[in-house]
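Both of the next two complexes hold chain A, though its partner changes from chain B to chain C.
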Partner chain A sequence: MYNPPERMPQDIFLIGAGQTRFCEQWDMSLRDLIEASVTAAITDAKLSAIDIDMVIVANMIGDAVADQAHLGALAASLLPHRPPALRVEAACASGSVAVHTACSLLRSGDVGTVLVVGAEKMTDVPNEVVSRALMGASDAEKDAAAGLTFPGIFGLVAQRYQHDYDLTREQLSLVSAQHHQHAVTNPNAQFQKAIPAEMISESPLVADPLRLLDCSPISDGAAACILSVKHRSPFRIAASQLSTDTLSLADRPTLTSFSATKEAAQKAFREADITRDDISHIELHDCFSIAALISLEDLGFAEPGNGISFYEQPDPNLTINQSGGLKACGHPVAATGVKQLIDLRRELRASGEQFGLAHNFGGAGATCCVHLLEHAA
Partner chain B sequence: MYNPPERMPQDIFLIGAGQTRFCEQWDMSLRDLIEASVTAAITDAKLSAIDIDMVIVANMIGDAVADQAHLGALAASLLPHRPPALRVEAACASGSVAVHTACSLLRSGDVGTVLVVGAEKMTDVPNEVVSRALMGASDAEKDAAAGLTFPGIFGLVAQRYQHDYDLTREQLSLVSAQHHQHAVTNPNAQFQKAIPAEMISESPLVADPLRLLDCSPISDGAAACILSVKHRSPFRIAASQLSTDTLSLADRPTLTSFSATKEAAQKAFREADITRDDISHIELHDCFSIAALISLEDLGFAEPGNGISFYEQPDPNLTINQSGGLKACGHPVAATGVKQLIDLRRELRASGEQFGLAHNFGGAGATCCVHLLEHAA
Partner chain C sequence: MPPNTPAVLARAKKNRDRRSQAGTIVSYTTVRHPPAGFAPQPRRIAVIALADGTQTIGVVTGDEVIAIGQTVLPRLRLNRVSHDGLRGYDIAYEPVATVREPLQTPFPGYILALTGPSGVGKSSINLLLATVLSDQVAPVPIVTTREPKAHDGTEYRYVTTEEFQSLREQGQLATWADIPSQDERRLYGYVVSDIEAIWQSGKIPSVVTEMHLLQGLAQHYGRRSILSCGLLPPGRSRRKMLSTLLHRLRHRGRDTEQSIRDRVRNAEADLRFFADRADLFDHLIVNEHLDGAVEQVKGIVLELVKA
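After this line comes the complex of A and B, so read on.
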């Protein structure tokens, strides 16, 4: 491993944030979504737009569904001084990878304040166009060529998990039910209504054993965060870690654990020098219900096969996807990883607690970012 | 502007590089192209693969033409330790923006050695699919909606330039003719043959006044560079600068000058603390012949309207696109910005001179990176 030269650690602060509601935004284009979230973030940060030294845009499927690449320049064009800008993509982890990239750029000393905006416009095109574009997150030669879609991939994962750990259909339904319950009070959520576990168990089969209400929806939305080493706030990025696994499921030793999540979490807790007991709020990547269970285990909060315990007996000291998560809050893919930080900030403000964890992965866990947000009470 | 804290400047070295030939690579997939260039770069650097701390992949149209996003994880999967990885996109400037991002990451102290690979697979799909995907580099709501393609955009630029500066058809043809002449001796070039200026003037009209041989081709190819602050080489990144302009041509005060090129060049010469007289080799972004002339002017090597002088009377102390440039060497879009550094390294080695300049832009100059490479003779 590389041993960097000694240097003064520089604290990175989340100084402003804004988002659109995640839902079907029929009257907003990709540009409109970006502009709305950026304007809200700049207002929230009490900055002038020209205080932004750089823009990083996270987007996955703009090329395929909106004929729009080059979103760095598009977003920079919205600001009067058009700062340097680029787009980062890592499938559904694009948002958190953009945040991670911003943290490194801030530590480089090249920039003092970075705007990160994650945005996705998914509802303007037929579902098959979106499904094909999303399948770009997997291995086109190995997994897509076998006829798999993402529900298919996570259906295989869920089947294996049920086989290994005797998870029942009724247990699995508790996951989406709880996330939906949380979304009831989130005005930015796509589905602000409770759905009982029985209804989830009886929703249409999509990819056995996964049913419609095990799956996160197709959504439009954007989320923007302003990070700075120059301006301060009570919210500090205590850790930002990125890990990578094989792109194809076929190259993995197991289907029921994602090593990139494990590795990113281990590195993040080491970076922040805290333990899992210090965490009060988690926003995790429940693209499918089964992913929530596996992620809680890979993050180190539960033993393998035991993630469901958090849904059977909620821990009063640890909230999980209080926003509603991907399932109920919505999942405009590249916006999710940025929005998770906004959720954690709101949750930490409300609870007065110190630490929250954001977990965002891409594909079948081939890319994973874990961020720890610290609240100076 | 942000004033960073005092710190020891860290030199960034180009310690290894490799590429495929740019051409129609019928027997290679996007993964194959990436793997070939990465393997060559690691061999050239005399490193073990596990010395690479991070991977940045530059790619523009993999989603649209190969159904493959998430190329960071794909590239990391090719290495035994699967280092953290991400994809960067900024249209045709993706390659240089990835290099620029790598430089910032290296200065952050987070990583010691970064692999940057730019790759594009363009010849597997019909031309109209490629054209549509490339048009994503422009503003989908403002420019594409008007029916423009990129030849159309640069046709407008060329018309205005001819109107303002009385450039003749015969003069314009000197640009591609000279780039083709240079490619004759480049084994990695797509078109290794000389084409006389008369033939360029008589090639089929594409977008008046641009003819077929004014336009860079559709190409497959990959190029990889390994950059390090831990390992040294005789080749140092003396400057890496990124600038952004409005995405749409419609929002610009002029069609015949690209402000992002001007700004990036000014910042780069300031960063390296050298002058234009110190440059011996330029690799510039001649996506269309007219772009070469405008770029030489915006980079500060010629007065407005006078870029053609370098083609009418070549400067014996300054080579321009000795590789053949985008026109004759080929333009697998995201590979180009990485390949330019490889070209400069070869040119500086051969000439024994000290400085080379790489100029790579995206869209109609909405994103521009300028890199200065220094050779310790």
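After this line comes the complex of A and C, so read on.
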């Protein structure tokens, strides 16, 4: 394994951020979404556009759904000085991997300020076409060939989890119910309304045992962050860690735990040199209700099989998906990882607490990024 | 999902052969809205632990209630039809009525398996190992129905076909195989109690296998238990390897010309097996010189013992 040399890491600050609302943006194209979020981020950073040294665009299915690849150049051409730009793709983790890439570039010393923008346009095509494009995140030969969808993959995970840990339908419904409750006050959320657990338990089956209201929706949206080693702000990236796992679900020793989450979390806590007790807010990747439970366990906040305890008896010192999470905010796939940092910043600002954790994974956890955001109040 | 073209379907065939095994259900779901390119009806899909210890994802046929741990058998089914009418077939799994607990064999210990075509030197290496590593390794006797031969070592235990069948029916065989031959029906197997006795004595049992015996062992004890070494004759091409084997078989002078022909035919299938089921081998060793090959296997075993 590569061990980076011991050195004083340069501090990376989150100096500006902006997003569109996540929802069906009927009158906005992929370009419009990117432009809206970038403009909001630059305004928020109180910078001039020409202070940006580089642009990194996160996008997963632009090619398949909006017939648009080459998004680095597209985003750069929205800025007056057309800085260097590139696109990263890691399925639903594209956004956080773009942030991670930006951190690496900033540490390299080649650039001082990087604009990261995650954007996805998903509602222009029929659902089965989006389903098929999203299956690009799985193993095309081993998983997708059987006709699986992503709800199907997490249906397999949920079925096994219920079998191993005796999780009931009523318990599982608490997850989406709580995330929806949180979204009531989030103006950027797709669904700003509470949904009672009973309604979730009775929603139509999508991929047994998962029901419609266990699943994050299809959404349009974009989110942008500006990270800098040149300009300072009260918000510092305390850790940025990336891990991977086998692409195919069939190659894993267990279905009920994602090793990439475990590994990224361990590395992140080591990098920031803090413990789980220091975290006050988590934004985690609840693409499906079951994923929230498994993630809390893999991140080390709950014992295996016990993730539900956070939903049965919420911890007063730790908020989970206060934004509404992917379920209620919407999940324009590549935008989510960037938007989680924006939510954490808002939550830390409001609470005055010091640390927040963003957890974003791609596919069935084959790529996972964990970011720790520090607030110097 | 890969596109439905002749090239993709041809490549999928190899995978299909590999997946054509019985297994047990690890988890299952019903996809109510399949993606574009598949029939719009709900599809029942499962993660299946296959007999050889690998896992796969496949369609489960029928609509009766299924359960985690249930046994399934492979069936060839139409999977999807491309827009220009190309029909893609794939393995689907049919649930078998009996429901048993999931295939979770506890780790019993390691077994050293030497696999390779006839004439490659499996038995010689196995016997030498038992000498140079007598504290670590002990060979497991092969139970066989074949006639004793003058050159046979002490590794065989001869039984009648009826005795062999009765061992099998009583579940006393960890693995067995029917190795084709022109003149007689030759059954080979390893007895569970022989293997366990060697574990009891604190040693690693070593066995000489071919493809069926190896797969059977991996199924019985779990793939993880098998320290699997594939032995190959020297030669860059399959033809060169076969000619080396032919030469060695004639040179050792134990077999009739008919028997040598049988053995070379089986060897062709064995060599293909190395390529098709690379996942079943931890190490591939080319037996150019017996001493060198023994040293290599010895190193592998000692490393394991040390760990």
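Criterion: the second predicted complex is superposed on the first by the 371 of 377 C-alpha atoms of A that agree within 3 Å, B and C clash if a C-alpha of one lies under 4 Å from a C-alpha of the other, contacts with A are read in each partner's own complex, and residues count from 1 in each chain.
The working rule: contacts are C-beta pairs under 8 Å (C-beta built on N, C-alpha and C of every residue); 3 or more make two chains touch, one makes a residue touch a chain.
Remember, predicted model here, so these are calculated numbers, not experimental data.
When the two structures are aligned on the shared chain, A:60 is found in touch with chain B, with no touch to chain C.
When both complexes are overlaid on chain A, the residue A:144 reaches chain B and chain C alike. When the two structures are aligned on the shared chain, A:363 is found in touch with chain B, with no touch to chain C. Using the contact criterion defined above for the overlaid structures, shared-chain residue A:26 touches neither chain B nor chain C, since it reaches no partner. In the superposed model, A:70 lies in contact with chain B only, and not with chain C. Legend: residue contacts after superposition of the two complexes on their common chain; A:132 is shown touching both chain B and chain C. By the touch criterion stated above, A:84 is placed in contact with chain B alone, chain C being left untouched. For chain A, the partner touching the most residues, choosing from chain B and chain C, is B. By the document's definition of touching, of the two partners only chain B reaches A:10; chain C does not. Shared-chain residue A:105: touches chain B; no touch with chain C.
Within chain A, the residues touched by chain B in the first complex and by chain C in the second are 132, 135, 140-141, 144, 248, 251. Listing the residues of chain A that touch chain C in their complex gives 126-129, 131-132, 135, 140-149, 151-152, 155-160, 163, 204-210, 248-252, 255. Residues 1-2, 12, 15, 26-38, 43, 45-47, 54-59, 68, 79-80, 90 of chain C are the ones touching chain A in the complex.
Across the interface of their complex, chain A is touched by residues 1-5, 7-8, 10, 29, 31, 53, 55, 60-64, 66-74, 76-77, 82-91, 97, 100-101, 104-113, 132-133, 135-141, 144, 230, 242-248, 251, 362-363, 366-367 of chain B.
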